[in-house]
Each structure stands twice: as C-alpha cells, then as structure tokens.
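Read through the structure below, which is laid out as structure tokens, and then see the notes.
Letters A, B, C and D mark the chains in the order given here, with residues in each chain numbered from 1 onward.
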Amino acid sequence: MVPIFYVSAAVAFLATALAISRANVVHGLLDLIVSLLAVAVMFLTLGAPFLAALEVIIYAGAIMVLFVFVMMLLNLGPQTVEQERRWLPPRAWITPFVLAAVLLVEVVVVLGGVDGPALAGEAIDPRQLGTVLFGRYAIGVELASMLLLAGVVGAAHLGRREGGA
Amino acid sequence: MAAVPMTHVLMVAAAIFGLGLVGVLVRRNIIFVLMSIEVMLNAAGLAFVAAGARWQQADGQVMFLFILAMAAAEVAVGLTLVLQIHRRFGTVDADAMSRLRG
Amino acid sequence: MTLVWLVVVPFVAGAAAWVADRWSHAWPRWIALAGIGIDLAIAVTLWFGTSGAALVPGAGPWLAEIDVRWIDALGIHLHFAIDGLSLLLVLLTGLLGVLAVAASWTEIQDRVGAFHFQLLWILSGLIGVFTAMDLFLFYFFWEMMLVPMFFLIGIWGHERRIYAATKFFLFTQVSGLLMLIAIVALYIVHGRATGTYTFDVTALAGTPMSSTMSWWLMLGFFGAFAVKLPMVPLHTWLPDAHTEAPTAGSVVLASLLLKTGAYGMLRFVLPLFRDAAASFAPVAIVLGVIGVVYGAALAFGQTDLKRLVAYTSVSHMGFVLIGIFAGTTIALQGAILQILCHGLSTGALFILAGAMQERLHTREMGRMGGLWADAPRMGGMTLFFALASMGLPGLGNFIAEFLVLAGTYRVSPIATIVASTGLIVSTVYALWLVQAAFQGPRHGTARLRDLGVREMATMAVLVAALVWIGLYPQSVVDTASPAIARITSAPRVASRAP
Amino acid sequence: MLGLLWLVPAVPFAGALVLILAGARLRRTGVAVVGAGSVGVSAIIAALIAIRFVTLPPAEGFFTQRLWTWIRVGGFAPEIALRLDALSLVMVLVVTGVGFLIHLYSTAFMEGDDGYSRFFAYMNLFVGMMLVLLLADDLLLLYLGWEGVGLCSYLLIGFWYRDPVNANAGRKAFIVTRVGDTAMAVGLFLLVTRLGTLDIQGLMQRAVDQWAIGSPLAVAVAALLLAGAVGKSAQLPLQTWLPDAMAGPTPVSALIHAATMVTAGVYLIARTHVLFTLAPSVQLAVAIIGAATLLLAGCSALTQHDIKRVLAYSTISQIGYMFLALGVGAWSAAIFHFMTHAFFKALLFLAAGVVIARMDDEHDMFKMGGLRHDLPVAFWTFLAGAASLAALPLVTAGFYSKDLILVETWSSVLGGPWLWIAGLVGAFLTSIYAFRMVFLTFFGTLQKPPTGRSGWRLHVPLIILAILAVVGGFVELPATLGDRPYFSDFLHAALPAVVNDAARAGAIARLQIVAGLVSIAGIYVAWALFLRHRSLLARLTRPRPARQLHHFWAAGWGFDWLYNVVLVQPFLWFVDVDRRDAIDRVYDGIAWSARAGWRALSATETGRVRTYATGLTLGAIVITAIVIFL
C-alpha cells in the first residue's frame, strides 16, 4: 500500500500543477479531476474507503460537472485560450511561487519538529463514521444542512436573469 | 498494511495546498480561481484525514465531510456569481472587478 | 433619596421634553425649565437645610448620602453623596441650567424637543458626576454627559460645528479612556492589596501602593481632568467648542463642564494620590501659571467675540489649577470660589454674546462697535461682566483670584508674581472687548434691540450672585470649608515648588 | 454722630445706584438733584462728623466702625470696617467738599450732553469709591476703593465713547495704573503670608514687632506699595497715562485727575508710613521719584499748547512735591499740599473748562488770548489759582504748603540740599508755566471772541474755590510768620512729625525768602517771554537743539515711545503671531498624520481580489514565522 500512496501523491501533485497552469479551462478541469481521483486513492491508503468513494462521487463527479455546465453556459470560444496566455506572462508566476515556497518551507520546518509516527492503516468503516457524525456532530450536520440550503437559495437567487426568471 | 509516516502525508497536503495558493494568486480567470480554491480545500481535507488516521478516530473524516458540504455550497454560489459577472461585465477577469477599491 | 431625585428629575424631564415636542414647541421649554428648576429648588433646600451644626468640620462627611448595592460581583455601588463642595457645584448647575434654558428660549427654533432632551441629559450627567462617590458610577456619568454635548454642538452649533464637536469629543473621550484605565488599575491594585474589590472613593483613598504606581494612576486621573479644565497645552478643543456651540451649549460648557475637571482634581486626585500629587504640584502650578498668562494674551488676539471669551476661560481656569495644587486652605477656598464665579461671569458673557449674535448675525468684533447708543443695557451688562472677569474688587472673581494668589504666595512667590501679570493682561482684553463692541463709531445702520425683560432677569440673577459673593463670600466659604478641611487635613500637598 | 460714618460713602453709592437703575426715566433736574445732592448730603454728614470729631475727639484719637467680616478663611479675616482719624478726616472733607462743588459745576457744564445721567452715575460711584479708599480700615477694602476709582476714571475718560481716541485714553489709563495695582496686590499677598492680616493698624503693629529697620521683607513690601502709589499718582515711571486722561470731560479732570484720585498714592504712603519708615532705602526712592517727577513734568508743562495738558503735567509735578515731602518724612506737609493743591488745581481746571466751553471747545492756548475782559469771573479765579500754583508769597495757599515742603526738605534728616535744589528749580518752572497760561489765555490781543454765557452754577464753585485757594493756607502758619501750625498739630495724632537735622534747622527765614524770590522771578520770566517780548521766545527756540528739546519735552520725555517699543509692540506682535494658537498646530499635526495614514492604507484597497489574497498569504507567512522563531 505504501508505494501506492507515494505514486498517487506524485500523480496528484503533477495533475494539480498542470490544472492550475493550463490555458484552456477544459484541460485544466480534466487535470483537476485526475488530481481528485489521485487524492481519492490516497484516502483509500489512509484507511478511509468511504471518503474515497465520496471524493470520486461528489468532488470528481458532481462538483466538477457543475464547472462543466457553467463553462457551457459561458460559451467561451477559442479566443479565451489566447486571452489566458496573455494574462499569464512568466513573470506573473514569480511572486506567488516565492510566497508559496516560503510558506511551504515554514510548514516543513514546523513538521520537522513533529515526530512522524507511522499511521496505523486500520480502516474506519462507514458505520463508525455514521455513529460519530450523527452522534457527537449532530449540530454540525444541521449547520452544514443549513449552509447547503443557503447555498441553494443563494445560487437560485443569483442565477436568475434580470427581469425575473 | 504498512504505514506511511504522518509527516509525509502532511507534506503532500501542504504541497498541494501551496499549488492551490499559487493558482489563486496567479490566475485572473475566476473559474481557475475557484478551481484553485477546490484544490486548497481538498488539501486541507487530506490533512484532516491523515490526522484521523493517526489517532484512529472518525472525527477527521467527519471534518472532511463538512468540508465537502461547504465546498459544494461554495461552488454552487461561486459559479452562479461567475455567471452573473459574465453577464454583467462580459468577462471572467477577476482584476476587472475592482469596485471595492477604497 | 433626595440625591437620586437630583439625577432622575432632569433625566426624565429630558425624555418628556422630547416627547412633548409633538404637540407644541412651547412644551419642551416649560418642561425643561420645570425639570431643572425642581433640581435647583432641591439643592437650595439642601443648602438651607444644612444648619450650622452639619457644616462644622468633623460632624460627619456627608450632608446626604445614599448607598445601594448595584453590581455585586464587581463591588459596584449606587453610591451618591453630597458634601459642601458637591452642593455648591450642584447649586451652580441648577442655576445655570435654568439660565441656559432661558437663554435658548428664542434662539433655538429647530428640533426644540431634542435640544432640550440633550441639554437636560447633560445636566443630569453633571449632577451625577458631582454627587457620585463610586468611581464606576462617576465614570458612567462622566461619559453620559459627553454624548449629548456632542450632539448639542454638532446639530445646533454654528458654521464649523462638526469640526468643533468632533474635536471636543476626541479630546474628552481619549482623556476619559485614560481615566478609565486608571480607575480599573486602581480597582485591581486595591483589590489585590486588601482583598476587597470596590470602586468606593473613600475606601480607595487609603490604598497601599508603590510610589511609581501611584504616580502613574495619578497622571491618568489628572490627564482626564486637565483636558476638561482645560490646562495648557491641552486646551485647544475649548475655543472651537465654545465658539461653535449654541448659547446654551457654550454656557453649559464654560460654566459647568469645565468645572468637572476642577471638581475631579479636588475630589479624586488630591485625596487618592496625596504624595504623588504633592510631588507633581510644582509642574501643575507652572502649567497653571502658563495657562493664566497665555490664555489671557490669546484672548486679546481674538476677533471673534465668543472665541475671546473662550480663551478667558483658559486663563481663569489656570487660577483654579494653581489654587488646587498650591494646596493651602486659602488657595483651595479661592479655587472653589473661582470655580463658582467663573461659572457665573463667563456664563453671562456667553449669554450676552449669544444675544448679540442673535441680533447682529455675527460674532466678529470688527463688525460691531458703537452699540452702546442703541443698547445701553446690553453694554452695561457686558461692561459689568467684563470687569468681573478681570477681577474687579467687590465682585466674586476678585475674592477668588485674591485668595488663590495669596494662598499660593506661601508655596511659590514667583508663581504668584507671574500669575499676577495675568491680571494686567486680563484688563487689556476685558477693556478691549467692551471697546470693540460698544464704543467707537457705529458700524451699519440697523438699530439694535436692547435686552428684553427675560434677558435682563437672567442678567440680574447673575449680577446679584456675583456682587453677593464679592461682598459676603462667607456663606460659600463656610459651605465648602469641611470638604477643604478633609483635603488639607492630610499632610500638606505642596511642600516645595519652584 | 460718628456712627453715621457709613453713610458718607453709602449716600453717593445710593445715588449711583438710583441713577443706573432709573436714570433713563428721570428728568434732567431729577438727575442733577440726585447726582449733586447725594455728594452734597455726604459732604454735610462729613462736616457734621468733623465738628463732632474736633470738638469731642475719641479717646484713642480715631474711630472705627465695623460693618461686617468680609471673609474668614484659614486665619485670614479682612473686615469691612471704616476708620476715621485725622488723616482720613482731612481727606474726606476735601473729597466731599471739592467733590460737591465740582458736581454742582457739572450740572451746568454737562447740561447738553446725551449721557447726563450716566455721567452723574459714574461721578457718584467715583466719590463713593474714593471715600471707601480713604475710610478703609483694611488694606483689602482700601484696594477695593483703589480699583473702584480706577474703574470710574476709566469710565469717565472714555465718557464720550464714540471717539476711539477717548476710549483708548481711558483704556491706557486703566491698564497703566493696573500695572502699579498688580504690584501692590503682590505686596498684599506678601503681607497676608508674612503678617497674616491686612488690617492697617494691626499690620503696622506687627511690622514694627517682626521686622527690623531695613529688613528685606519690609523693603520688598514698601517697594511694592510704592509701585501701586506711583501708578495711581502718575509718578515716574508710570506717569504717561495722565496727560492722555485729559480726553475726559473737564469736571472729570478736575475731580479725578487733579483733586482726588491721583493723590490716592500720597494717601496710601502716608497711611502705611510705618512700613516706609522700616525701609529707608524705599523712602529715599520716594523722595527721588518725587523730585525727578516734578522736574520732568515741569519741563513738559512748559512746552504744551493744550491748556488741559499743561494742567495735567502740572498735576504730575505737584504730586511730585507731595512724594518729595513723603520721602523726607514730612508726612503732614504732603497732606497739606494735597489739600491746597485740591483747591487750586480743581479751580484751574474748572476755570479752564469755562474758557474752553466758551471758546467752542478750543484747547490751544495760542489760539486764545485777551480774554480777561470778556470772561472776568474765569479770569480772576484762574489768576487766583495760578498764583496759588506758582506759590506767590504770603497771599496764596500754595505758598504756605509748598514752602513747608521746601523747608522740611532742607532741614529733615532724610532730605538735604540736593533735593531742596530740585524742589526750588521745580518751583521756578511752576511759576513760569502757571503764568504762561495766564498770559497766553487772558492777556495779549483778543484772537477770537467767546460765545454763549455761563450761569451761576458754573461761577459759584469757581468763586468758592478761588477763596479757598487764597486763604486755605492760613491754617498752617510757619514759625517765621506767626507760628500757628494748626494743621500739622491736628494731623500729628495720625502722622508723626518730621525729624529735623539740627545743623540745618535754623535757616527757615532765608529759605523762605529764596523761595519767594524764585516764584516772583518765574512770573517775571513768563511775563517777559510770553507777553512782553514774544520775539525773544522765538529767537530762543530757533536753534535746532532747542527745537529738538522742545519736542522731546512736549512728548513727555519719550516715555510713551519707549513703552510702545519695549512693551506694547512686542505684546501686539506676539498676539498677532499667535492669534491662531500655535499649540493647536500640534494637534493639527496629529490629525494630519492620522489622515496621511488613512491615505496610505486606503491606497492598498485596490479592489482586486488577488491583491487581497496576496496580503492574506503574507500575513500567514509572517504569523507562522513568528510562531516558529519565538
């Protein structure tokens, strides 16, 4: 299982890097899906099979589909690719990269102080998860449901065309 | 099951998070910004799951569920906003929208 | 229970005045007059009710007291008490409150109810400040009078009212917060040292603490009071606020609000931090002397009538500061008399300036002149109060300044001599004020309406009070002396000065 | 009878109060009756009290009437109490008597003025305040009267307020005297602190008990009181206000700026003579100031064209004589000269007032001349006054008082030949300028005929005062001329006699002859220069240095210029520069920096989401760094 983790970590990293640097939105989106799938595999290796399934179904499935729909609605033509290239001169990358690198170094320094015990590979099954979720975190679930409701209502409201939908 | 050191998982999460951050900072296209945010959320979720696995508790995974719910809501609202913006301004350029300027 | 009424009556009357504005503009005026009139009556009754026995030093500190637990967890009490010092200031508040309402009778035509609401809440806060003996309660009232004052200046003021109101608010608020820090620190220091957490002034007076701590806490209180007083160089809010405020606002500011600073020093700075105040006295006296001379010189330089009067306040309150920190019985009595007489004379000058502005629509002295021919009564009154303000013997201000300086001579002859030159400069501005407005050739042709019955009645009260204090100040001195005895019974405040 | 003492100041106060409150509703006769009548009643009461005092003197030689305790605080308890002794009685009689005559004169003189009732209100207030000053048993009460008369002086100088010149003159008078008053107040603070009382008798007693002769505190107190006296009495160096004070109506000049108020300084020093005896150096200063003032003012008087300004400088000069007398310890001589001076100087002013009024408000003597036939009453009375001022020997009051001063200056242990010579030169100058006025105004060719007429209310006071100016001196006949020193004897109950130097005491007769000759010589010089040989005068003043000297004297020795440059202009400069209050600029600076900070921060609000995100990242980096490194 360990090699699988490292392989999928590498895949996730590369796919993400590609996703954020593509000029074409659709390409970027496909790379992102690959990244999400790789993360799902990592979840599996970390003993979270249920989450791996959710990652595939909801993230890579539902959410990404949303992106696709929106892009279809926007109807961005080939000129957008050119535009993206114009917006991304090489020097635009320098500052963010430096910042992110410094942050990363800091995180590594912090993690360096933590002893790194091996993770127990025991899987936590959905039953356990459900018990905790609807037991201790019942309020959290309610709050999440409200958030989703707000999201739905907000999206519905914002999405209507002027003059009423 | 052989074990992965927790430090490694966290480093992977940090690296992916960093990529997401770079994406947010670099891209002018709002759709890419949203995508980068997804990446960052995902990285955070990974860290949670790692922590859950470290302590053999379900709480870490519960947190990921919450993140998932939040991401869904955020994407829904965010994407409708993108639609509206495109409709109003005719562009998806984040820098074009600077009405909040002080 | 009387004391609670003192605070509550104007508070309720203020709210009633606002509500009554729905029916008629006359109602708020009468309600306000009644409200503050009741307060004055209560205070006068208290004054006459205190027979000689109660005023003898050592016969119990308070003339009236009420002490109810309020917020037990923090040791906060609703503790009101009144002694001679407080009583004099409450009397002054009542008297000038009535006059302030009278002075705005025709001047204020806009949002009458709200105006009187603000005015009465300021007065209620003032009375609270003068009677609260719990530091928390004191701070509550201290802040309570600021906000209505801000609106009073900001809404009913003159041209630059927003600037003036903001400046006033910033100065007083910053210094008030300084005091809040000092209050809380004192509360904690006392609590740690003795185990009882209380805001009671009498209890806090004996707090054991290091001299450094005492020095800093004293500065916290002193800063707040010095801004209110105002002491040079913290005085610059005052000319703007006084000039831009409506007449009633100027009267209340000059005659009453400034007095809270002096009162605070007498009530809190001296008793709570004896040694620190003693070692600080030379600095305070020097600043007071500077204030006397600097304020008077600047007064002469002003072309705006109200601004001139405002700077005279800086000068006069310098005497109060000197008197308080000289710390001798004579000087303290002088300081208290100066508080009262300055309230009366400056209040009168502001009322007169307001009357002139109402008639001439200007405060520029360059556009006045020769008004005596049309308005001899107004001229005579202005002359009278200008003379009072420069300390003409026979009027209260003279007694006050004489006692302050005579009492200070023992502590610091040089300070006395330099402050005395302020008397010369005060002559210069007082005479200039009269000459510029009333003498010389007449500008313009419009006839000036002289003071009417209402205004003359107002003036007569003030004239009588000043002459009375000038010729028989003993009644005031006796009332204040137990409070002063308690301040001076401790080791001498100022042992050495420059 | 003595118990009515309080009425003496109270009646004029009541008159003033009535006139202030009801003056606008009273008719002119009513105002005149109240105004002059109140002072008249006061004078009558004073006269009755005087009769009682002289015929049946109180046991201790004085009478004290306590009214109430002014204030009692911390061991300091000034009383409102009146004290009548020989000194205050003489002063009170002069003030009420001359005051009444001047009031009577004013009822006619001010007839046509708008502010008739205002005038009398101020005048009555003045008389009341002056009486308080004289009768006060306590220095604090004396100070009340002291400031009160200063106030009335200010009000009356600026009586015709429409002309800024008058208002400015009044203001100047008040401010200059207030400089002296403030010094005096500091003296009072010192006394309160060191001796614990301001009651004059107690004060003198304690001063003698506690202070040695020449002790620094005594010197300081005496010097501070002297400063007050110098300001009020228009002596060097605070004399500049008096010539300008002539802007007031003429009766005011007569009453306040000649007869009464300006001599308050003399009274103060006489009243507190014990303190001055304790401070010999200050007493010497009094004499020197007096001598210097009488010379300087005499020279200035010689060069004035305005008849009232001549009289003003003359007043300064004559008060200089009184100071000289005080300085050499001749207390009663000073008071004697005060009395005769009150008579003849009030007379001169009132007569000059008649002349000025009849000449249509013409003040310049060079535009008058030859008036002796048209204005006989004014002429003869003015002549009597001028003779008295010039100390014409034997027949005038001025001779007896000035002669007494000169003799005692010579013979006193504190005086000496130098001060005597100064006094003698002053006497010479005095008789020149006195008769310069007479010759220029009444003799020579008629330049302009007078207009109008003057009634009995103007003439009666003139005649009475003229008689007094002639015979007033016979109450004190020197040893060589009958030796009847009634006046000095009367005052010795309150003031000590002069201490004579035995070596110089024998020459009285010779001194008197010299003084008499000097006076006559002065009159001759005046006749020669201003009437007989006007061309000689012209030749004298033609050379450049002479002209410059003339200007310098006419401008009062440049004191006004000096004070303007040294004091007034710097003050005005400061006031002008700091009109907007430099301290406020500090707070403006704080406000400016807050605004600058706001600008800088609001510039970071670009509205671009990516910039904000960068900021967030930076913040995260910094905070993490803090966590790591701390």
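Keep in mind that, in the parts below, a contact is a pair of C-beta atoms (placed from the backbone, for glycine too) under 8 Å apart; a residue touches a chain by one contact, two chains touch by 3 or more.
Predicted model only: the values in this text are computed from it and were never measured.
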Touching chain A and also chain B, the following chains: D
Would you kindly tell me how far, in whole Å, the mean C-alpha position of chain C lies from that of chain A? 68
Distance from chain D to chain B - Cα centre to Cα centre, in angstrom: 95
If you average the CA atoms of chain B and of chain C, how far apart do the two points sit, in angstrom? 63
Note: chain D sits from chain A at a C-alpha centroid distance in Å of 100
Interface hub residues of chain A, defined as touching at least two other chains: 95-96, 99-100, 103, 107
At least two other chains touched by the same residue of chain B: list those residues. 21, 25, 28
Determine the shape of the graph in which chains are vertices and touching pairs are edges (line, ring, star, complete, other). other
Within their complex, state which residues of chain B touch chain D. 21, 24-25, 28, 33, 94-95, 97-102
Sites on chain A touched by chain B in the complex: 1-2, 5-6, 9, 12-13, 16-17, 19-20, 25, 28-29, 32, 35-36, 39, 42-43, 45-48, 50-51, 54, 58-59, 62-63, 66-67, 70-71, 73-74, 76, 84, 87-88, 92-93, 95-97, 99-101, 103-104, 107-108, 111, 114, 116-122, 124, 128-129, 131-133, 136-137, 140, 144-145, 147-148, 150-152, 154-155, 158-159, 161
In the complex, chain D residues that touch chain A: 614, 617-618, 620-621, 624-625, 627-628
Residue positions on chain A within touch of chain D in the complex are 95-96, 99-100, 102-103, 106-107, 109-110
Using the touch rule from the top, collect the residues of chain D that touch chain B in their complex. 601-610, 613-614, 617
